[in-house]
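Given below, in the form of structure tokens, are the structures.
Next come two complexes, and both contain chain A; in the first it sits with chain B, in the second with chain C.
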Partner chain A sequence: MILKLALRNIIGNGWRSLINVAVIAIVLIGLIWGEGMWYSWLTLAKNQQREWEYGGGILRAKSYDPFDAFTWENGYAPVPAEAQSYVRGGRIVPILYSPGMIYPQGRMMNALVKGIPENQKVLSFPSTALNAADSSYVPAIIGREMAKTSRLQEGEVFTLRLKDSTGAFNSLDLQVSKVMDCPVPSLDIGTVWIDLAALRKVKLLPDAATVLVLKDASLTAIKAPLFRYIDPREFFADLNQMVKTKVSGQSLPFGMLILLAMLAVFDTQALAIFKRRKEIGMLSALGMTKGQIIRLFTSEGALYMVAASVCAVVLGFPLYWYFAVKGFALPQGYQSFGVAGFNEPLKFHYPLLVILGTLIFLFLLTVFVSWLPARKIARLRPTEALRGK
Partner chain B sequence: MEDPIVRIKNMSKAFPTGESEFLALKNVNLDFGKGEFTGIVGPSGSGKTTLLNVIGSLDTPTSGEVEVLGLEVSQLSQKGSSELRSRHLGFIFQTYNLLPVYDVYENVEFPLLLLKMAPNERRKAVMDALEWVGLTDKAQSRPAQLSGGQCQRVAIARAMVKKPTLVLADEPTANLDTENSLHILDTMQKINAALSTSFIFATHDQKVINYLHRVIKLIDGKVVSDDTQTGA
Partner chain C sequence: MKKAIIAILAFCAFSLVSAAPSAESILSAIDKNMTSQTTKSTTRMVIHAKRSSRTVESVNYSQGSDRFFTEYLAPPRDKGTKMLKAGDNLWIYDPGTDRTIQISGNMLKQSVMGSDLSYEDFMEEDKLSQDYSAGVDGEITYDGRACWILTLMAKKPGLAYAKRKIYVDKSRYVVLYELLYAKSGKLLKSLKFSNVTKTGNRWYPRYILFKDELKDGKGTEYFVDSIQFDIPIPAATFTKARLKK
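Then we have the complex of A and B:
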């Protein structure tokens, strides 16, 4: 009975109801779109990092700290005996890091040199381009960003100088065999990739690795006392944190929109209670309790939210569909942040549970905002209400 | 009077006006019996509506006792007075106070929904009520599509649909022309005779007064006369 009357009242409210529903629906469409974007970006970035960097897990040399450049020179350990057979079987990919200096066209640049087996198949990394069969130079792969900053092009030869394990400087002449489109900026920016065997040879470290990339998580059980397992939570912590920060930043405008929508509901309800005092008095005279009348007015506010949710799903569907199918090109400038997920159009996926949670939260918020002015009814005397006072 | 349905004893009602107070009803003593067709008459500000509101448990007396159907009004909780109104009392207002978003049928049905009556019984009760007031053909109309007289007849049907013991009508003809007023009064008189429903009017309309069996005159909150009319 209360819901039916509430529904009739908001329909009878005409344009005012329509504007309320439209404002809330626009906010909801924006929220769903935004949630879709962040969720899809996070998923895409994680997938790309898994494919290109993390694989099924990573064991990292305990002596290597990615946040302390002073550890990089000696940040390696011998590949554990138990892992050797898996390395040979292609299920573990050892990668060796070394800081170095490159001299592209006579200029001097710092670079992090990474050695990866050219025949590895665990990562999507195009390591086959490191095959030295057709070249008198050591082949090297760099990413587009690195090519831009170093001004190196495919086929170009440059010198690499680095310290070997005895502390003596060694050098290699490298030839850019491929400029790769790498979706993970951390594998691109300031990095030169060469074949693991070549790097080990020049470093005089025949069996060393900085990280061991595992094909699957079951390999984390191998005994590797000089290595530490980096679980996905730790590995993706920066990415998660960045998305969290971005979402927090974006939530300000959305928060303002929600506030506006809630103000519209509050204003409508407050005005309705003021304008419909006689009706409140009459309902009271007919035997409705104050609680029932408060529920009636609160339900009217809540129904705005229900109608807006339906509108947001139905009317917003073409928009959601467009971004799911056609995608959305994220600004390339974001790649300089060192985060994956920006090199291809982002196709939206919508996290249903998160969206449902948001809708439920907003529904409860609308109920609360509608209830706030309706509380006044409890203090209203029926005789005064009947006189419209 | 045997078993009065409303018993008022030494009742006064005061309203605060700034630091002092205005005494709207002064030491009123009245009884109303079942099936009465009574009017409280008097000039504006004499306390008619206030008396009706107290009887209808929409307000409470400042002092004295008001017993409606055996229930002391000032002792009733909010829920208790809502229950009394929804089960036993019907209200008719000067301005009809119909729900504009509901059609005639739904307006009349509304009090029965509050009583949680079964759908079949409800339908029959609503159609009976609309028949009493001669508006069965307007069941699907909205109040905005009806004349003032028709709206008041809907209000009467709404008040009568639950067959209350007592109907309180506050200036029911004030917004109506003579023809509609007489029509309304005839309708209420017929219902009174057929169902023994008690009616208490607050009015200063002579047309209404002519119909009343009992006329209680209020002046400045005091009962100055209480007369029975024969031949009304």
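Then we have the complex of A and C:
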């Protein structure tokens, strides 16, 4: 009965109710869109990193620390005996890193050289372009960003200078066999890819690797005392942290919007209690308890939220659908940010649980905000209320 | 008669070859000339960039082949920057930030003050006679001086350059031209030495042109304005504490 009465009241409120519902609905549409964007980007970035870099897991040489340049020169270890058969079977991909210096068009540039087997099939990396059969030079793959900074083009020849494992300078003449569109910038920026065998030969490291990329997680059980398993939580920690920071940064404007919406509800409720004193007195005289009247007013506020949720889903649907199908293309410059997931239009997915959680939270907040002014009713005397005092 | 002439010519040729000292003794003579217990020098390094050139002045101290201390005096931007090499370690002190940074690993590949010299070049401990086996390839007149051409091959792994080619002044035992090669045989760097003057009882080049042969440009000029050999230098000069003083 209270709900029915509350519904009749908010319909009777006309434009005032409509504005309240519209404000809350706009906030909700914004929130759902924002949550969809961050969730989709995180999912896309993780998928791309899995396909291009992480595979089913990574074993990293203990002597290599990606955040400590001092370790890069000697950041490798021999591929463990137990892993050899998996390497031959193509289920483990050894990759060797080496810092080096490249000389494109007579300029000098630092680069991280990575050696990957040209016949690997675990990663989406286009390693077949490293096949040296038709070339007198060692084929090299670089990413689009690296091509931009080094001004290298497909077919161009340049010299790589590096130190072998004994500390002596060695060099290789490389030819860019492919400029790849790589969605994971860490595999692109400042990196030159060559065939693992060529890099091992020039480094005098016949059986070394910096990382072992596993086809599936079951291979983490192999004995590799000089390697450390990097679990997904550790591997994606930076990405997760960044999204968390970005979401926190965005929570301020969304918080302001929610505050405005709640202020609208609070104002409407406070005004209603002031203007509808006679009605409150009447309801009281007809036998409603103060608790029931408070519940009536609180329900009216909560119904705004319910109506706004329905509107947000229905009216926001074309927007959600557009971004889910057409996607959200980020400007080109974003690719140089060094984060995966920026190279293709972001097609939105909407995390149902997160969205439901947000709706429930906002519903409870609206109930609370509606209840705050309604508490005054408890202090009203029915006789005074009937007289409108 | 014919046989006699051939025999005389062969004898002359043999005499000429045997007159040349062995490659090892040439290297020892170079080491004797170029190395000392201690040195103190003031130098200017002229770095040629694409559009402009700049000069970096410094005072340098060295002890043996593994201790080296440099303080930059000019330009004002670099004044007060100090560099210390002690054994396998290299530190740079930046007065702007009042911080000492250890240069190691990949950072050693960076160029020193934008020159054609890398920090790795500073890390080299040269004693040619110890590190390289050599052979005399021939003779040449270079820069108006009669020189031997020597090819040096690394005796042990771990030396930065697996192969060197040097032109050595026959009478002064000073290297006038040097080519540094990678293991692959690729020419990496060249050094031209000139303005060789007598300092005490040794000949020493006062001008060196360093050129990274893989890079375009005019190279880096190095002028030795003054140099003193075997003078007492306090041991504290080669300590990290000296960097911040």
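Assume the second predicted complex is superposed on the first by the 389 of 389 C-alpha atoms of A that agree within 3 Å, B and C clash if a C-alpha of one lies under 4 Å from a C-alpha of the other, contacts with A are read in each partner's own complex, and residues count from 1 in each chain.
The rule is short, and it goes like this: a residue touches a chain if its C-beta (ideal position, glycine included) is under 8 Å from a C-beta of that chain, and two chains touch if they have at least 3 such contacts.
Owing to the predicted nature of the structure, the values given are computational and were not obtained by experimental measurement.
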Exercise. Have a look at where A:R151 lands relative to chain B and chain C in the superposition and call it first, second, both or neither.
Key: neither
Practice problem: Examine A:K244 and indicate which partner it touches, taking first as chain B and second as chain C; both and neither are also allowed. | Solution: neither
Practice problem: Could you tell me if A:L5 is touching chain B, chain C, both of them or neither one (first, second, both, neither)? | Solution: first
Quiz item: Who does A:R381 touch here: chain B (first), chain C (second), both, or neither?
Solution: first
Practice problem: Scan A:T159 for contacts with chain B and chain C and give back first, second, both or neither. | Solution: second
Quiz item: Which partner, once the models are overlaid, touches more of chain A's residues, chain C or chain B?
Solution: C
Self-check item: Which superposed partner A:W72 touches (first chain B, second chain C, both, neither)
Solution: second
Practice problem: Figure out whether A:L286 sits in contact with chain B (first) or chain C (second), or with both, or with neither. | Solution: first
Quiz item: After superposition on the shared chain, which partner residues are touched by A:G167: those of chain B (first), chain C (second), both, or neither?
Solution: second
Quiz item: Within the complex, which stretch of chain B touches chain A?
Solution: 50, 53, 56, 58-59, 78-79, 82-83, 85-87, 89, 91, 93, 95, 97, 99-102, 110-111, 113-115, 158
Practice problem: Please name which positions on chain A make contact with chain B in the complex. | Solution: 1, 5, 8-9, 11-12, 278-279, 281-282, 284-290, 381-383, 386
Quiz item: Taking the complex as given, what residues does chain A use to touch chain C?
Solution: 69-74, 99-101, 103, 105-108, 110, 159, 161, 163-164, 166-173, 202
Quiz item: Once bound in the complex, which stretches of chain C touch chain A?
Solution: 102, 104-107, 109-111, 154, 157-162, 182-184, 186, 188, 212, 214-217
